[in-house]
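Take a look at the structures listed below.
Both of the next two complexes hold subunit A, though its partner changes from subunit B to subunit C.
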Partner chain A sequence: MSALQFSLRETPPQRLDLSALIPERLADLEMAEILRLSVTTTRQPLCVGDVFTVHPGRADEVVIEGGSARFDEVGAGMTRGTLTVEGEVGARAGRGMQGGRLLVRGDAGVFAASGMRGGEIEIGGSVGAFLAAPGPGERLGMAGGLVVVRGNAGPRAGDRLRRGVIVIEGDTGDEPASRMLAGTLIVCGRAGARAGYLMRRGTLVAAQAAPLPTFVPIGSADQVFRTLLARAVAAVSPAAAELLGKNLTRFGGDVATLGKGEMFIRIGQIAATG
Partner chain B sequence: MMVEALIAGAPVARAPAVAAAGWLLGASANPLIVAGMMDCGAAEAALDLARAARASFDHENAAAALADLDVMRQAGWLVVTPLEARALADCVLLVGSDVADFPSTPPPLAPERGRKVMRLAGDNLMARLGLLRALIGGRAITADPALAALAAALRAAHFAVVHWSAEEIPPLAIEMLCGMIETLNDTTRCFGLPQSGANNVAGVTQACAWKTGLPPRVTFARGRAEHDPWRLDAARMVVGGEADVVLWIGADLPPWAGRVRLISLVPATATLAPMPEVVIFTGRPGIDHHAILHDPGLGALTFQRAATPSAEIPPAAATLAAITGALAGEMASC
Partner chain C sequence: MPELSRNGVRIDDSFAEAFDMRATALVITADTAAWARIAATSLTGFATSIIACGVEAGIDAELAENETPDGRPGVRVLMFAGSTSELQKQLQNRVGQCVLTSPGSACFAGLEGVEPLKLGDAIRYFADGWQISKRFDGRHFWRMPVMDGEFVCEATTGLTKSAVGGGNLLLMGRSVVAARRAAETAVVAMRGIADVIMPFPGGIVRSGSKVGSKYKGLMASTNDAYCPSLRGLTQSALEADIVSVLEIVIDGLTPEAVAAAMRAGLAAACALGPEAGAARIGAGNYGGKLGRHHFHLRELLP
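Right after this comes the complex of A and B.
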């Protein structure tokens, strides 16, 4: 049996809350119930059937055809199965995700993977600000799982990262790994200004970066650690594995705070202080 | 006789303009209420209207208020009121160029200590704040002598105060300062003094909290109060075509006025270009009518008596309550 498919009929008239379209929510629903699921974010009622044509299929494999920057909360709270979006999505994709796999073939908006605790997210395009960051009023960012972004990331990627691995194959905006508590952020391109600002612990690897003056050189990268990390990410990102195989130099920081974070930068790609 | 209101630029009495505003909000798919300058009474009335209309609510200066609030709710902070700072501070660090000079006269409650006022501004401010915190934390790190002198002065103070404006420095810089203040409190006393934003945003934030339990950028669209600083950013919603009718309350029109159907509650002094669909003239808080406003000099809500009371121009709160009444009729007839 094929996947359960939602085909977008036209540009959504409002931002949509698509948090209901996840395998565990759809598993026990009849088609009529699926069509009546609310996706509204305004006072105008809007149901799945108003915006999507639904093709029956296995609920543990959900496909949304035709993306939109107005698709919010795609895969939010997901615990199992797979969810594929054949296009772009809006804010908070994979927010609070605990398991399963979310694949977005286009770009994603702000706060993707925010509060994520498990599972895998792959973004085929670029992602907005605050990737894996805590939501408003929350104290912790991503606390587990794997995120791979094939394009670039906006500012504050990996903010308050607590656990898990993030790979960004392009560049990042300013302050990647800000306030990082633990976990690993790999930037295969250029890390934006003030990387690791207020970083307490954790690991940031970047092909290019300008370390802050509160990051101090602490020798070359440990070969065993790099080999293990490269092996762990090779299957999902050959570019990240290749970066980890290069000559890297190691900085410790941010000594403005606890200072137990590590930043690895490819030798020869260390720019002036950020 | 003074003009009370305008519909499509033509003078009308207040009642039909209120009815037109109620009709526009009632017919809207996604209404939005935005505060420019408003007193706390108007904020309460605006939130009542937002709840009745299932609209969203934002304040034009909410970004700065949320920058401070993010640090408070995500990292914690130690702050004092401006009065305490003036009474007790023997060392004041002004961060950035926006915050006004602080009086260098000795603190009245501890005059024997004198008062040292310093300023840290200019390029690479965020990096230098990190260096300052590292120095205060006792890290062996290379920094220019000026920063080392600042760190020494803060450590030596009995009651230091660090003053900033969230309209100038980003939340990460504020969090860096608040962490530095925490470190200083291991050995002495030191507190933050955030400069409150313009247009009574601090007062509106408090009113929003006591009405909804949440800070501004709230929506009642789905029948309950929801807070989302990104999705409910008024300027973003208007530019993105997500709000179709906006009710604006302010001293003048917002920069995005021409991009949406607009109902404006403004004083007669406002420049009306582009002309909103409906304009209802309202009094200026603390000038034409009494008002509760946040006093940045005291760091508290205060009653401000009307400077030139005018019975002819109603306050925004009264007009908003009248629109809520008109809206009730519109919603009932749907």
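Right after this comes the complex of A and C.
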């Protein structure tokens, strides 16, 4: 049996809350019930049947055809199965996700993977600001799982990251790994200004970055850890694995705070500080 | 007495009696194979018998670069104990003193077991707050700053409760040299079997023991029935032509692995013949009442 498929008929008339379209929510529903699921974010009622044509299939494999920047909360709270979006999505994709796999073939908006606890997210395009960051009023950002972004990320990627691995194959906006608590953020391109700003613990790897003066060079043997990490990400991102195998310089910081974090930067790519 | 024989070597129609044990495995890597071996040898030192060492431990296999988690040469080590708590205690003491300390080493789980045993979880405190926890790919590692760089140690390793200790062969020769050659040859063959160790020096024990003693407080004492110098003075198990007896003890992660090792050892020893190697091969047991696993030589012959 093929995947359960939602095909977008036309540009949605409002932003949509698609958090209902996850495998565990759809598993026991009849087609009529699926069509009646609410996706509205305004006072104007809107349900699945109003915007999507639904093709029945296995609920543990959900496909949304035709993306839109108005698709919010795609895959939010997901715990199992796979969800594929053949296009772009809006804000908070995979927010609070605990398991399963979310694949977005296009771009994603702000707060993708926010508060994520487990599972895997792959974004084929680029993501907006605050990738994997805490939601409003929350203390922790992402605390488990794996996120791969094939394109670029906006500012504050990995803000207050607590656990898990994020790979950004392109560049990032300003302050990647800001206030990071632990976990791993790999930037295969150029990390934006003030990388690792106020980071307490954790690992930031970047092909290119300009460390703040509050990061101190601490070149030391670390090949075992880097090999383990490279092998862990090789299957999902050969580019990240390759970067980890290069000659990297290690910095410790941010000593403006706890200072137990680390930043690996490819030699020869360190921009001038201050 | 023996009606079984192979290549002129008399085989006792007897069995090795073995016991259930708790076991774990580690993979130790280093910058070179030699340094991985040094760490592993140190870790498995003084680990011949649980009677006084706490654990029985040994090297199971040398691993090439493509067989280890970090792509460096390594060694797989097995450790056996009578209880989970003793195994845990020995594991953290030995890894802490012998692997953490060894230049360039790293230490990983060598077994997926039914329960976790603390590995890096027990040793991380050495780093005095500078330890770094890393989780990826479903595994958890601790990184500890040390003077030559960083000691990477997996948080836990696996425990198996279905391990077997005490598989054995008794190699009886018409000379000291012949008995030793038979034992050496059998050990070499057994080292080719996965998931087993021969914990005694060079894999061989010359002081096989019986249960109990005339002295209070001694759990085990010399196996007088197999001591050539006591022939005639005690209830000897040795014929007139036997001059020297050596034993090989085998611990394995599974009964099948122990049986495979005994089979390999028997075949290698028998191939030497009664003059160059053992004239007679037997196995040690306690009448079959103490251990759950009985490995009958008859079923393991080449």
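What to note about this one:
Quick note on the criterion: the second predicted complex is superposed on the first by the 271 of 274 C-alpha atoms of A that agree within 3 Å, B and C clash if a C-alpha of one lies under 4 Å from a C-alpha of the other, contacts with A are read in each partner's own complex, and residues count from 1 in each chain.
As a working rule, a contact is a pair of C-beta atoms (placed from the backbone, for glycine too) under 8 Å apart; a residue touches a chain by one contact, two chains touch by 3 or more.
Being a predicted model, the structure only gives us computed values, none of them experimental.
In the superposition on chain A, A:E138 makes contact with subunit B only, not with subunit C. Applying the stated contact rule after C-alpha superposition, one finds that A:E175 touches subunit B and leaves subunit C untouched. Touching more residues of subunit A than its counterpart among subunit B and subunit C is B.
In the superposition on chain A, A:I267 contacts neither subunit B nor subunit C.
By the touch criterion defined above, A:Q44 lies against subunit B but remains apart from subunit C after alignment on the C-alpha atoms of chain A. In the superposed model, A:L198 makes contact with subunit B only, not with subunit C. In the superposition on chain A, A:F225 makes contact with subunit C only, not with subunit B. In the superposed pair of complexes, A:T257 makes contact with subunit B only, with no contact to subunit C. In the superposition on chain A, no residue of subunit A contacts both subunit B and subunit C.
Of all residues in subunit A, those touching subunit C in their complex are 144, 146, 163-165, 182, 184, 201, 203, 220-225, 227-229, 231-233, 260, 262.
Interface residues of subunit B, counted against subunit A in their complex, comprise 29-31, 53-55, 66, 70, 73-74, 124, 126-127, 129-131, 133-134, 137, 139, 141-143, 172, 175-176, 179, 221-222, 227-231, 242. Residues 13-15, 40-44, 72, 91, 110-111, 134, 136-139, 160, 175, 178-179, 194, 197-198, 212-214, 216, 254-257, 259, 273-274 of subunit A are the ones that touch subunit B when the two sit in their complex.
Residues of subunit C touching subunit A in their complex: 29, 69-72, 106, 130, 132-137, 139, 141, 143, 145, 148-150, 152.
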